[in-house]
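Below, chain A partners chain B and then partners chain C, in two separate complexes.
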Partner chain A sequence: MNIGTRKILDRSFTAVGIGSIIVMALALMVVVVPIVSNGIGAVFFTGTVEHRKMLRNEFQRGDTQHLASEVASSERYRARVYEILGTFEKELEGMEPALKRQYTSKYAQTRTAIQALLGPLPGDTTPMLTRFKYGQTRWEKAEEKLHDLLYESKWDNSNSEIMGKEYFVSRSNAFKGTSLAPLFPYMKSNIEKMLLPEFTVYWGFITDSSVDSHFFGGIWPEIQGTFFLAMGAMLFAFPLGVIAAVYFTEYARPGFLNSMLRSANSTLAGVPSIVFGMFGLAFFINTLKVSESKSVLAGSLTLAIMILPTIIRAAEEAILAVPKTYREASLSLGSTKWNTIATVILPAALPGILTGGVISLGRAAGETAPIIFTAAVSVGSAIGLADVFSSPTPALSWNIYNLASEHEAAAQLRHVQYGMVFALVTIVLLLNLSAIVLRARISKKMKG
Partner chain B sequence: MAEKSAVERSRSTVFVVSARKRMLNKIAKTAGEGLLFALASFVAVIVIFIFFFVARDAVPFFQLRGFTEFFTSSNWYPADEPGQFGALAIIYGSLMVTLGSALIAVPMGVAAAICLSDILPFSVRQYAKPVIEMLAAIPSVAFGFFALVVLAPLMQNSGGTMLMWAWWLLVSPFLLLAVIVASDLLTTSIQDEKRRHNRYMLFVTFFGFISLALLFTVGTLLNGIQIITGTNALNVSIILSFMALPTIVSVSEDALQAVGRDIREGSYALGATRAETIIKTILPAGSSGILAAVILGIMRALGETMVVWMASGNSSHIPDPWFNYLEAIRTLTATIAGDMGEADQVTGSARFHVLFAMGFLLLLISFISNFVSERIVIRQRRILSGQ
Partner chain C sequence: MITSESFTEKKATRDIYLPPERKTVDGGGESHVVAKDFSIYYGEFEAVKKVSADILSRYVTAIIGPSGCGKSTFLRAINRMNDLIPSCRTSGSLLFDGEDVYGKYTDEVLLRKKVGMVFQKPNPFPKSIFDNIAYGPRLHGMSDKKKLMEIVERSLKKAAIWDEVCDRLDKNALGLSGGQQQRLCVARTLAVEPEVLLLDEPTSALDPKATAKIEDLIQELRGSYTIMIVTHNMQQASRVSDSTMFFYEGVLVEHAATAQLFTNPKDPMTEDYITGRFS
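== the complex of A and B ==
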């Protein structure tokens, strides 16, 4: 081959390698950036007066007097809407039956759209579900709903070759000539005065519990549940893992038994996470009956088994990294083997062991599959520390799945889902970052 | 004299250990070590327990329904009365996304591992490693959420265009390279420098036009594709490949680092370029370690639950044609996760036990592949240290 071609091949080989690392970094960015940018929106957003009403009624927060004046000023503009609706209802009564039938269903749609935007209209019975008690609490949602009010969405299926296309028909045209017609331009021009959007920082998203299955409120029960589960798993797995690592590094003699134990460890590390969940269900709940049904305890035990191999490996590496001179110095001073391990080796290996522990904590917090059958419920309030032995808990990872895939209004609650994912990713990545920083400091210290 | 020896004697008694004390020490030592061993062997006990308890609930299914239906039928109607439990389509779905993610992750992962171990300077490597670790740390449900909420709508709305861009960006550099190499190889036998050059240019233009035509036709073909559903096998394969990548990269990097410096230097001394050194000497020497890395990475993709559950469409049928990655599929893990909630109510039914049969299948595959990859790593270590 030509030397030039060989050079080109060499360069492009390098380019492929660097390219794939760049693609990996880009993938990380592509996944993390939308989660962060949309997740922040759960706490920082433009809230409407409905949001402040909700906070006042559900969480007893906010300045009552200021709210009352805001509500009064928004009601001044809303009154005109109610007036138009009332006039049209009267007009509808007096219409001929054919015309009346034509308008009734369209009017009902319009009325529902206004309810979604502004909350229950005067004369409505108080709704059972909290989600219908308020109008749009977030301004960007309100703008979407305003569009829904102004335009009716229809699907064009005329071309059977391609998928149907959505198009919009103005509602005000449908009501041309009736007393409802002025409603649409009025809504369009006065929506801000009716909803009073204002930049809001809602820390309650982190510290409040949810109202009406995450329509309002925050994610505290999930954060707490994740914390309980992960901490519980560490409580079981960390001591056991460190002891096992001490045995493997200091006491185990090479041989059949030892290699079997090591094989068992790597087998455990490779078991699919969903199988841990099945095992937790079959063993901890159905056989040992550690609790009646799902509980934090059963979930923690399952997660503990899952993270055990990681902890053992990390602790082993940390112990092996302790310089031999430490050991020899301690032994030459006359201390016993056990003394050496407890007072010299373990303290020296501690930062490394902790690094492994922190990473495992992150893994336990982020895993979903093992807790589906053993610990997680989709709705529920925060549980007390005394309940961990008997009651299940909501957890971030499970509730993200549940809210995004199974909730009846999944598409409306994207901001809550993003907020949850952001919270989970932040927790896990912060744990990992601290582990990375810790490890960098250790290696710097080891170098001297 | 006598006085001195008395002092010595009294001193030496401090260090003399009585038989009784020695025995106590010995017992304590054995007991302590025994306790440590018991705690350490807890891991092995757990592994045996996992096998036992999953198998215990899996066996009744095969007793009730036999093996034939499970492995050969693709009629999956567990809720019917009587239920049908053909898992062929589900097993196929699992294999399909695993293969798809391996096709993406293995070349990328091995390339990245080579880059980290042999090409990049240490200062850059320091920043690349955390990126890979962070990618490994992101919870699977976050990836699943991304696949469902961001990637799936994107695919559904502009899937064809995305495929076309991916085709252009990925394939055109490799085609260009192939054209250059092919033309060079075809002209090496010509001795005359000037004639060779002319012939070379001729070949480059000729192959260049062919490959451009290929790029354009396939590109327009891809651009015309309409993806019916964004939650499909391709979506899941892409996401799973990014989840498998960190494992593949870190394990194969270890394998490449284990290949000694002397081999590399020997190759350079013979006049090989870096790429030739890597491909012809380092990769063959580290191949078994890389194979182990690939097996571990594939297992990560096969055992992953949340991403496939959220974004694979969960439709239990074999795509038509069988390699159509743009159709919704269903996997073993997603079936277990999705059906357990309902099947749990009827403990003892075939519907409950079939899920454990699937779990046992997964467990067996993971056990075998783990065993194989571990043997491979041990063998490589032995060969390399033996040289």
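== the complex of A and C ==
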């Protein structure tokens, strides 16, 4: 090969390499940017007086006097709304039946839209679900709901060839000439005075328990559950994995059984996590009966089995990477094999073992499938440390899935979903970061 | 136990190993390590062939010979470091202090405590200088901080490195230079108070200045420890040792007082080797 071709090959390979890295970075950006921006929005947002009312009633937080004055000023503007509604209801009573029928259903829609915006109206019975006790707590949601109030959404299905198109019809036109007509311009111009939006930092999103199925955030039980599950998994898997690795590298004699065990270990690392989930249900709960039903213990054990092969592999590699000379030095000083392993080899292999451990910890924190059948519930309060043997727990990974697909109001809770995803990503990222820092510190200490 | 017959036999020939000017040093000069028809195999390969030798206590014995002649293998057999190689086995007898090194009931851990070793490449642990030296004593049950400090100081002084490291005992040993690391390794070995010091090409990874320091150190330690040093450097062997063994292809060709071996070798092969006709 002549020198020109060689150089062109080198350059094109470099270009391909850089290109693939850029593609990867872009893909990562596409995923991470919305998670970060929307996730931050779960804590920092423009909150309305309804949010502050909710905090006051559900968590006894906030300045009562200030809130009272805010509610009073808000009610001053809301009073006019109630007045218009009352007047129209009377007008409706007096209408002739055909016209009445026509307006009743439209009025019901309008009233519901106002309820969604401002919360229960005077005279309504107190709703059972907490989510209906308050109006919109977030300003951007309130703006959406205002649009829903002002315009009725309709579907144009005239062309059967294509999908129906959504279009909006102004409600104020529908009520033209009635006493309800002034409501719409009034709502539009006075919504801010009724909801009093202001910038809010809601740390409670992270530290509170959820109220009414995560409707207002509150993901602490999930964070704590994830922490318990991951830590529990590490508690079982880490010592076991390191011991197994020591056995493989130091004690096992090469032979058929040993190579079988090793390949079994590698195979286990590739088993889909849902299989581990089914295994956990069948083995830990149904056969061993570690708990009556789902529990943190069963989930931790399942996760431990799942991450064990990774830990074994990482620890094995780390132990094999320890220079042989350390072993020789220690043995030549009259050290026993076990002592050599404990005082020289394991400390020297520690950075590698820890890295493997923390990566596995991150994986345990993020896995959904193994805990579906063994530990996770969709809604629950934070459990105490004493309950881990018997109680299931909510966990971030499972609740992200649940909130995004199975929750009855999934579409309204995007901010909570993003908040949870952001929390999980942050936890895993922090774990990995701490692994890097820890590794660097130990390596530095060893290199002197 | 060594048989009385072979012992007297050895006693008769022992004087030839001793340099004329140092017949006795503090009661040294006794048989310390005795090999009789001692062979070492790696699988089927016989690396050391029926070696019979008598290494005297508190003298320096050098082992020379071309690469792959089995000199390191023989040295490592004395404190059973060859046990790390699964395919390695031995035949014949190797006695240390009159006890069979490869006996059924020999405790290799105890043996290695008495027979210390310094390796080709300096291999301090990735720990502090203090912890490196204290590693052996701690291993053998010493936990008193004050006594440990004494041992560390004494060992480092013996290894002639105390002055260089006394103000940074808590620093990592890997921060030292290669020569310092090697002397630290010697100090680490001395800290467990061995009787025998095995040096496996201790200066091959060092520069001339550091080599000179190690050689000085060996001179210092002579008379206190039985020292065996494997070396490629014949000048080094002649400088530091009392007696010299020449190995060739696993066979102990000649074992004599150093002065005699280098000036008046009995075997023509030895002569060829020391005059550089082959290597």
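Everything that follows uses one rule, which is that the second predicted complex is superposed on the first by the 416 of 448 C-alpha atoms of A that agree within 3 Å, B and C clash if a C-alpha of one lies under 4 Å from a C-alpha of the other, contacts with A are read in each partner's own complex, and residues count from 1 in each chain.
We adopt the following convention: a residue touches a chain if its C-beta (ideal position, glycine included) is under 8 Å from a C-beta of that chain, and two chains touch if they have at least 3 such contacts.
As the structure is a computational prediction, the values presented were derived from the model and not from experiment.
After superposition onto chain A, the partners chain B and chain C occupy separate space and fit alongside each other.
By the touch criterion defined above, A:I436 lies against chain B but remains apart from chain C after alignment on the C-alpha atoms of chain A. When both complexes are overlaid on chain A, the residue A:L320 reaches neither chain B nor chain C.
When both complexes are overlaid on chain A, the residue A:L333 reaches chain C alone and has no touch with chain B.
Looking at the superposition, the partner that touches the larger set of chain A residues, chain B or chain C, turns out to be B.
Shared-chain residue A:A409: touches no atom of chain B or chain C. With chain A as the common frame, chain A serves as the apex of an angle whose CA-centre rays point to chain B and chain C; its value is 60 degrees, to a multiple of 10.
Look at A:A108: by the touch rule set out above, it reaches neither chain B nor chain C.
In the superposed model, A:V344 lies in contact with chain C only, and not with chain B. Between chain B and chain C the least C-alpha distance in the superposed model amounts to 5 Å. Touched by chain B in one complex and by chain C in the other is not one residue of chain A.
Interface residues of chain C facing chain A in the complex, by the touch rule stated above, are 79, 81, 84, 109-110, 112-114, 116-117, 119, 121, 123-127, 135-136, 139-140, 171-175, 185, 188-189, 192. By the touch criterion given at the top, residues 32-33, 36-37, 39-44, 46-47, 49-50, 53-54, 56-57, 107-109, 111-112, 114-116, 119-120, 128, 130-135, 137-146, 148-150, 173, 177, 180-181, 184-185, 188, 226, 228, 242, 245, 249, 273-276, 278-279, 296, 299, 302-306, 309-310, 333, 336-337, 340-341, 344, 347, 355-356, 359, 362-363, 366-367, 369-371, 374 of chain B touch chain A in their complex.
By the touch criterion given at the top, residues 323, 325-336, 339, 343-344, 347-348, 445-448 of chain A touch chain C in their complex.
Across the interface of their complex, chain B is touched by residues 1-2, 5-10, 12-21, 23-25, 27-28, 31-32, 34-35, 162-163, 240, 243-244, 246-248, 251-252, 260-261, 263-279, 281-283, 286-287, 305, 308-309, 312, 338, 359, 362-363, 365-369, 372-373, 397-398, 400-401, 404-405, 414, 417, 421, 424-425, 428-429, 431-433, 436 of chain A.
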